[in-house]
Amino acid sequence: MDTIANIEGIITPIVTPLKGTDELDVTGLEKLVEHVIAGGVSGIFVLGTTGEFSGLSYRLRKELVERICRQVDGRIRVLVGITDTAFIESVNMAEKAYSSGADALVAAPPYYYPTGQPELIEYYDRLLKQLSLPLFLYNMPLHTKTILEPNTVSAIAVNEKVAGLKDSSANMVYFRSLQYAMKDHPGFRLFIGPEEIMADAVLLGANGGVNGGSNLFPGLYVELYRAAKLRDFERLELLQKKVLQISAMIYSVGRYGSSYLKGLKCALSLMGICDDYMTEPFHRFKKEEREKISEALKTINEGLAR
Amino acid sequence: MDTIANIEGIITPIVTPLKGTDELDVTGLEKLVEHVIAGGVSGIFVLGTTGEFSGLSYRLRKELVERICRQVDGRIRVLVGITDTAFIESVNMAEKAYSSGADALVAAPPYYYPTGQPELIEYYDRLLKQLSLPLFLYNMPLHTKTILEPNTVSAIAVNEKVAGLKDSSANMVYFRSLQYAMKDHPGFRLFIGPEEIMADAVLLGANGGVNGGSNLFPGLYVELYRAAKLRDFERLELLQKKVLQISAMIYSVGRYGSSYLKGLKCALSLMGICDDYMTEPFHRFKKEEREKISEALKTINEGLAR
Amino acid sequence: MDTIANIEGIITPIVTPLKGTDELDVTGLEKLVEHVIAGGVSGIFVLGTTGEFSGLSYRLRKELVERICRQVDGRIRVLVGITDTAFIESVNMAEKAYSSGADALVAAPPYYYPTGQPELIEYYDRLLKQLSLPLFLYNMPLHTKTILEPNTVSAIAVNEKVAGLKDSSANMVYFRSLQYAMKDHPGFRLFIGPEEIMADAVLLGANGGVNGGSNLFPGLYVELYRAAKLRDFERLELLQKKVLQISAMIYSVGRYGSSYLKGLKCALSLMGICDDYMTEPFHRFKKEEREKISEALKTINEGLAR
Amino acid sequence: MDTIANIEGIITPIVTPLKGTDELDVTGLEKLVEHVIAGGVSGIFVLGTTGEFSGLSYRLRKELVERICRQVDGRIRVLVGITDTAFIESVNMAEKAYSSGADALVAAPPYYYPTGQPELIEYYDRLLKQLSLPLFLYNMPLHTKTILEPNTVSAIAVNEKVAGLKDSSANMVYFRSLQYAMKDHPGFRLFIGPEEIMADAVLLGANGGVNGGSNLFPGLYVELYRAAKLRDFERLELLQKKVLQISAMIYSVGRYGSSYLKGLKCALSLMGICDDYMTEPFHRFKKEEREKISEALKTINEGLAR
């Protein structure tokens, strides 16, 4: 089994099942956790972008971390997102993760004000002093308005507590430049956010993916990871087509930039795994969109069966 | 004295004096509150962008609201920012504001995920149902990545609890279009964020400004407001030059987009009002920049004395 | 009559009437020129953003400049846009403008590659050496991806050939900061692009507007300019409402960011002034949108008659 | 030898050697063309972003196309960029390319005004009607402000004259989504702009790269292409490191977003191939930066020798 220092493969950025504002869908969450573990993923990332972390109350965030750590019980790794605009709240969440038995933390830059690169280096330096668990950096420029530039990452990673980085930029020049900047840090681990390019990044040396679709079809992403790792191009392209189909059919119904989140939760609900209630300002799909997702799931499942 | 329904003039987006991470500079805060009240402002806006709200722990945010409400004690209006990515935390802060005796609330859109206009209408509709105080909308596209479009504002403002809007976009076409869209809501109040154009907006019908510089020189901004309100152009242009000088000399030392916040806090510290400790990821100015601000203050004070 | 050195009031950024790809609607152009002169404008700006300059062949640009200069024949000022990505083509167009008898030139920064501020200073310095006519700078960040920062403008304006600047940013903090940076260049003239805030800027010291709507209703914009200049607030707000109505009803039919251009040309066509053929990649409005513009014109004309 | 229909490998986006404003460095150009042909590239792309197309006069653009076609004389393929804001000028350049004996054309969307996707479909449809040579689309969102979305490409590519697409977005989710959208157009050819990810894209099915660095070291990029095509991972990673080194050392000296262009031309000048005069608003590197590039070249050449 993986330790954090050598973790690889698929880490599920777990969806947060909700029954209402500030109310966890506990049964749904339990089913979802077992579903992804059964699918062979190496870890769960709680409180990520896919988990709607920023829309959850702090009370619920803590309940969620506690429940998942208890249920997983060491079977796979648990990573906890501590991204926050307030330093103290990041530290508080990190302590909760530690006391709950999580394995690692994940932190993107603070995201309300724009931040300069030297400020980011100091920020992570101060944050790392407060942490008892290994930390993964999280490059998510779309939401944080700032890029963790390769030289910045390299300066931050001098601290041994830095385990690696999750890159959700989709920019492969960034990925390659980061690899180059980190060429003398062999232990530094790289995970890729967008599932459409997870296999590609693994071919090029990434250690795995943190892919939303693994909430739905964990086995597919685990297999695709393995095909990439083994450089089995034929199998890779076959599985890659299914991943691209999921992206094209599940994540692009509806509008306003949240169609990914809505499609994912709607599909989980249709699969009988959990409720599709969403954090404000988002709303679950209505009948018409739900039917489209239902049709899409049929098409995808037929393809997977083959 | 103004009620919220007819408030006008200058509202100070109050700086949050800190002694360290998560520790309020209580004495500094008391001095600052008396300083701005003595300067003649009509209200204090707690937990705004200038108050570094997003970098403060929830504990400190509540302490701050409580202390300010108690100290102000009805002498001027207190508005409390409840902008948050998590709906429940906005509601919690609104309840704290209400129980502390604040007069009104201010809320920008949630700011982690991108949001569509119809989603904003539903969001504010649900939020307003939970509020016991009047609400000002807050248009701050630079930080929230979304514009409160005029037609969206007009749809939200159907709810009587909506008292007005603070616009920090600096885009006067937006301001004029909003006025036009709200032409049938005579009670809707408009305040302008960027102090460089406060007087201009007041000339055109705005009810006042929410200007960071009024932490430093409250009387100057109050006088400028009055000159604009009276259409005393000569006086307006005289005072306007001083405001532009403050902007050019205090807010543009240093780099990385936070020079405004740093300059403001540094100047307050030099004036002996409060500490200049900042929330992460920002740091107070070092010696060299501090000297520049000190020189700037001298120049500005000489100008004000004339 | 105005010379370039003391020009003020409304300058019409003239629409380019076309009958087809690379074919001028000569009769339409003649009518349009007489229409705006009759309306009392102080100048015509040929080859601006509203004139679709970048979509016209160089042959047609030259024909256009020649025809307009000949027809205007000194009655009002003619300004010619020489904005180009290629230095030599800017110089060529400037020579054509000079030989045709134009009064001044207008140049935004080159707009394909991103440009730094020091590069802009050198660029304008080199360009000015090649020009025989006074030059207006053109701040148009939306299309050129670069802002002419106040300190950059102040450095460029050391050259006596620089007559002023047209600002189309809609950002009044920019406008105020530019005024402040240019406070020691009393002859420098400022014109404002977005018509929704032309009067506002004139109240604050701008010398006039370069407003697309003056193609349609030149007299309205001239009157509004005068009301602002005279600080006749009652008249200003009355006329301002009409300008905002034009903006709301004529420029926002259709989609894709070109609704302003399409609405303007469609309205001119409905008014019997010129053809509404557009440069690629744009197309004239179809029946449904044309009917909306027709209805809008009726409403606006009724308002203007009152 | 490749025809356009089955072209693969490296296409050099050729630098435009200049001796002054509007003056070609003819000897330099001849050397450069022979240099890249000797290095084994499959084609030359004239008038691309790397060739500073938008900064060249039309006269010089035509001279350049003519000279390169004559010199290449069928030994490799010549592709000519016809990207322009003016439709007629694109058509004119296409005719010049055809009459000069070029093999294909390349066109990005018009780049001054923002454009909608349906407008892009109509635009390319009209453009293709005027062309006598096969066309490659060019996705370059950084400079054109618009993305050629996968469904838009798929709609345009119904026309048989469309040979493929050059993608310079660096976004591999775009690349994978485009592949998926084009899965039923087997003849459609994909080339990748950013050299840092050329090999990666070839591994995933791209037909080659259009990489600026191949002006300097054509053989390196050709070898890297072959290693990727043969899935020789060991060799790929070895050569990839050199490409990343070139990117890190040659393209990041200097500032303002044009450091890539400046570094490339400076290196060619140091290698004795051509002059480093640049189109306005850019300037060649001065002594200090030139020395850095010189040092970088030494380091890189030592690495290449090994």
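To keep things simple, chains are lettered A, B, C and D as they appear, and every chain counts its residues starting from 1.
As a convention for this text, a residue touches a chain if its C-beta (ideal position, glycine included) is under 8 Å from a C-beta of that chain, and two chains touch if they have at least 3 such contacts.
From a predicted model like this one, the values you see are computed outputs, not experimental measurements.
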Comparison of A-B and A-D by number of C-beta pairs in contact, larger one: A-B
Distance from the mean Cα position of chain D to that of chain B, given in whole angstrom: 49
Separation of mean Cα positions, chain D and chain A [Å, integer]: 36
For chain C, residues that touch 2 or more chains besides their own: none
Category of the chain touch graph - line, ring, star, complete, other: ring
List of chain B residues in touch with chain A within their complex: 21-22, 49, 54-60, 85-89, 92, 109-116, 118-120, 122-123, 126-127, 143, 145, 255-258, 261, 279-283
Residue numbers on chain C that touch chain B, as the complex places them: 170-174, 176-177, 179-180, 183, 194, 196-197, 200, 203-205, 231, 233, 237, 240-241, 244-245, 247-248
